[in-house]
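Below, chain A partners chain B and then partners chain C, in two separate complexes.
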Partner chain A sequence: MIALSQSRTKEVLAIHGWSGVFLGLLLYAVILTGVIAVFAHEIGEWSAPLPHATHELPQQGLDAALRARAAEVDPAFHDELFFFSDTAGRIRTFFHTHDQKPGESTPTDRGVEFDLDPVTLAVLDRREGWADEVQAQNLPAALADFFVELHVSLHLPNPWGLLVTGILGLAMLVASVTGFLVHRHLIRELFTLRKKKDPLLVKRDAHVIAGTWNLPFAFVLAFTGSYFSFAGAFAIPAVAMVAFGGDQEKLIETVVGVSVPENKTPAGFANLDAMLADARSRTGADAGFVSISHYGRADAVVSLSMMPLEGELASDNLIYDGATGAFVRQKPFLGLQPSLGNDLFLLMTPLHFGHFAGIWSKTVWFALGFAGAYVTLSGMLLWTTRRQHQPGWARLARAAHWMGYGLPLALAAVPLARFIAPGLELDVRAAQNWTFIAAAALATAIALKVRDLDTLRCVLLAGTGVALLLAAPLRWLTGGPGWVTAFEAGLATVIAFDLALLLAGALCLLAARRAKVQPLAASDAKLIDEASPA
Partner chain B sequence: MSLTAIAVTLALGASLLPLLLLALRDPKRLRSLAGASSLAPMAVGARRALTLAALLPGGVLMVLGYWPAFLIWLGGLIATGWLMVQLLAARRS
Partner chain C sequence: MTTLVAASSNRRRAWSRGLLAGPVCFITAAAVMAGAALWYPEGAAQINNIAVPIIVFPAIWAALFFYLMLDRRLGRAWVVAVLLLLGHAALIGQHLMAAQAAKKAAAPAAASTEGAPR
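Right after this comes the complex of A and B.
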């Protein structure tokens, strides 16, 4: 055990608190939206359900779908294309090329995207343009994308959003490590929550207990989150700049190791269904992502990323010659030979997203993320409340309450816009964004108007509860399937999500009522100081 | 039910019992009750044995190479451990 002197403990406590408070408001937003993003697929399926629930690529028919869609698009977009099952359960395929968008320094994807029905492979939607324009027109995934983008980049433009979330991830690492150092003696009190003490001491116990239990996963999630943010925002562009003259495509081709000599000779394309069947027989798994380069050329390459097998975290990646359909090699995701770097790279995704074992792992990751959000919020409230009698700190305490309870209100309002906007012929994504901003503004106005922090918490919690309770009926009233229809179609996610939102709404109202009955006035803040180790 | 689900259920079930015993007879927790419980604090040796027993299922999953099950077990143990502390405190208050 690391022994710290009293003065060193004070310093570490200060680092812990200040890193938490100054970045905590945004960190809390990132964690809370990350908790929601764990269920991105389920959110997509709930908000835009198909008549049949599936999140898999079909075993037959992709070849015919590929040829039919390829014949409809500009041959320039045959350069790159992919198939995968998206967050809303559609098969998404994007025929595109890398082009120079006016006003941008790096090449951007431009092409035609189709949503296909996962069972019939009929075209459900067609979108054309630059990648960001295509994404903006994607209605079924709009709600899930809102939460994911808020988590990944806070809806800030690239690379600034990724840089901010990367820094927040580092702040979470700092808070985790310093929190462990400051409160390490409390590991012996892992089972002790003093309920009969002063309410603020109980709050401090609750913060420390949740933080201590959650420490290993807080560290893992912060580390992997920082990795994803910094890799996209800084590492890949920096390495590309130094070694590949800024060509990120070339960098990725080299690191991944799939580049083949260029041969623009027109050639037929082998049967994709046969390649998928061959990959299944080799690995025992179904393909999760199909990527095709240079469709219709002699140098066409098909890359099949298989789903992980039962009991495995990582999956296989198989390469085929697109022109002949011949199996080329099974390769790691990075490089051509197995390596520790590849293994570590593969671990990052399941460790951060928690989607490696379906609803089981997602539920656990949701609980751990929720604990992380609770630790962040309770830490911010403790740190600011105990200092709220000092100049400036009262405002920060108010800001912590505003973010802590106002953000859930703003997030809960977004699905309402998702369901109302199509009926009013509004742009769904814009309506979601403006509703979020409007709800946040409303929370700000309430936070400025309501002087008592307990009342503020109570009002915002109640608002969140009402918004959550409205989501399921509104989904149904705006044309979504009712529970009987959903049950008959096997759409268990729709029913489960409705019930979860209704339960969450009821719990928020209950918490608001309890908060009103048992106000936690901060007048005894000095008790917290006395209880702190320094 | 998948193999992972079965492995997680068995491992978590096997870990939660020793964890509950550890929690119920934890000396610090009992001291904070100020005599409100009739249970006696557990000796250090017994606590160590129970801690090992709680962690053993995770070790078995690691040795068998069931990594998804191991991660879910670890996360589940943390989440239910936290919940257990809350429930024990709520029951007391």
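Right after this comes the complex of A and C.
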């Protein structure tokens, strides 16, 4: 495609390979967990189903719910609050204020959080404390949160976790750009699979095909992923430091564009349902996120983030005077006028999460993400297998097998802990974390014990298959709805997820059986040398 | 002997290139991003200079990385990176010092206004 000299191609190929070798193991973990996190809502719905599945805010009743919950909490927590439909389908509302947590330099949110039934708006759960404590007590979202946190920050403390995943995103960006540059025959390689050749050559072709088809998607995911990581880790504080002398609140005020003179005079609060109805009539869309500042004061502000209309990626915010209910303005998400910064900002989220067209776009993102995980793993295996006669590379080949097939085993074990822990009165989030660590330790022990890499792959695949097959029956045995109940309640996600896990488990067992019959890793590495692009 | 010297030189160049395309590239890209808040046009909404550099940070890093990795003249690559880094650091430093001075100048004025008889 792009004409590079032979020496340049070699350099670019070296960058491509080494970016994968240095960071491939962790990159694979981030991609695989990202593939799972695409279905965070569905995982929440599957692991903690309500009698009625919905991920929308109700059109009526939110005002009464707001007043009832506001009366129950310390008025100090009326400072800020929000409503949104969370990953487990509950309406989550958090009444909070910004407070100084002992031992921390920056203010943290502290308050009371409620889970409300999305249809009846009855209180399902109440949690109180600092934001991180409140989050730790949130049981329905625990399983989805585990996968999302692993993807976002590898469960490392901030900002280190975000920095690591950001750097991994940059490595993926390098691999996708160099992957494009080293393909001299891009179109031909999209369709070249030499099935009747040596199995290792077939694997190399499969890596190239999956990688080539996946290049634009890998680029988009890498770019948006590293943006999200670095923005939170240091970019926003750095720009706030330069532009506003470190005042992040001033930055947010400028960027969000809502500034109301402070007025602490107590005042009534206008009807929230009426504001939601007005917003719906103005935009034709439903609100996805409701944010209220200074509830019960004369300077109360209501900000409604509307859902994008069908066929659109972005939407607007509507601002209302909380005390009178008067419409103030319709504005872009950032700033008060349309801008390039706002457009780019709004593009990042749908491009990374793939939720712009519901389950269909999520399925495409899942498939392309899965292909990305396959490309990362197969690239690692090809790169290390071709050098496995050298001691260091042999160890890396083992590590690639351990991560490639051990990580799915550890991830598949986590839902089992989610369902067993409540019955044993264990802390669910801690049980999930320890189960993941225990399963990863087991995979490590197996990787150290089993010398033959094909047998290792076979054992880990079989373990993953068994764990996946156990998840659905365990969900049902620990009090979750059976298929008949789920069908009658319209909980299609529960049935679909059960079936998907059973199918995935069966495919893993089948793959383990095939791996035993057709060992691949011992093939002659020379064939890959001959087949390599440069 | 000549082979040993050549190998040692190659190793030094590889380390230098790794340092340049690794930590130096990242710090320089971060400085360019932060400094861009001062020179990138604000636009009518007055937020482009804040939002755009944050969003395109991965692109700034990638462009710099590929240049620093692939420029055959290692010395020139170092010069470009150091100039970009120092240029933006100086811009940011000058802006912060000016802001500090303005704050100091405003403080006595505000104090005298508060103390003045109404």
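As a working rule, the second predicted complex is superposed on the first by the 524 of 534 C-alpha atoms of A that agree within 3 Å, B and C clash if a C-alpha of one lies under 4 Å from a C-alpha of the other, contacts with A are read in each partner's own complex, and residues count from 1 in each chain.
We adopt the following convention: a residue touches a chain if its C-beta (ideal position, glycine included) is under 8 Å from a C-beta of that chain, and two chains touch if they have at least 3 such contacts.
Bear in mind the structure is a predicted one, so any value in this text is a computation, not a measurement.
J.: For the overlay on chain A, clash or fit between chain B and chain C?
T.: In the superposition, chain B and chain C stay clear of each other.
J.: So, does A:R8 touch the first partner chain B, the second partner chain C, both, or neither?
T.: Second partner only.
J.: Between chain B and chain C, whom does A:G169 touch in the aligned arrangement: first, second, both, or neither?
T.: second
J.: Once the shared chain is lined up, is A:L340 touching chain B (first), chain C (second), both, or neither of them?
T.: It touches chain C, and chain B stays clear.
J.: Quick check on the superposed pair: does A:S361 touch chain B, chain C, both, or neither? Answer first, second, both or neither.
T.: Only chain B; A:S361 stays clear of chain C.
J.: Now for A:F223: first (chain B), second (chain C), both, or neither, which partner does it touch?
T.: A:F223 contacts chain C only, not chain B.
J.: Is A:P157 in contact with chain B, with chain C, with both, or with neither (first, second, both, neither)?
T.: In the superposition, A:P157 touches no partner, neither chain B nor chain C.
J.: How many Å separate the nearest C-alpha atoms of chain B and chain C in the overlaid structures?
T.: 20
J.: Both chain B and chain C touch chain A; at which residues?
T.: none
J.: Mind listing the chain A positions that touch chain C in their complex?
T.: 8, 11-12, 15, 169-170, 173-174, 177, 222-223, 226-227, 230-231, 234-236, 238-239, 241-243, 245, 251, 254-255, 257, 332, 334-342, 344-345, 348
J.: Of all residues in chain A, which touch chain B in the complex?
T.: Where chain A meets chain B, its residues are 188-196, 206, 209-210, 213-214, 216-217, 308, 310-313, 350-351, 354, 356-357, 360-361, 364-365, 367-368, 371.
J.: How about chain B: which of its residues touch chain A in the complex?
T.: 2-5, 8, 22-23, 26, 28-29, 32, 65-69, 71-72, 74-76, 78-79, 81-82, 84-86, 88-90, 92-93
J.: Can you check the complex and tell me which residues of chain C touch chain A?
T.: Listed in rising order, the residues are 30, 33-35, 37-38, 43-59, 61-62, 65-66, 69-70, 92, 95-96, 99, 103.
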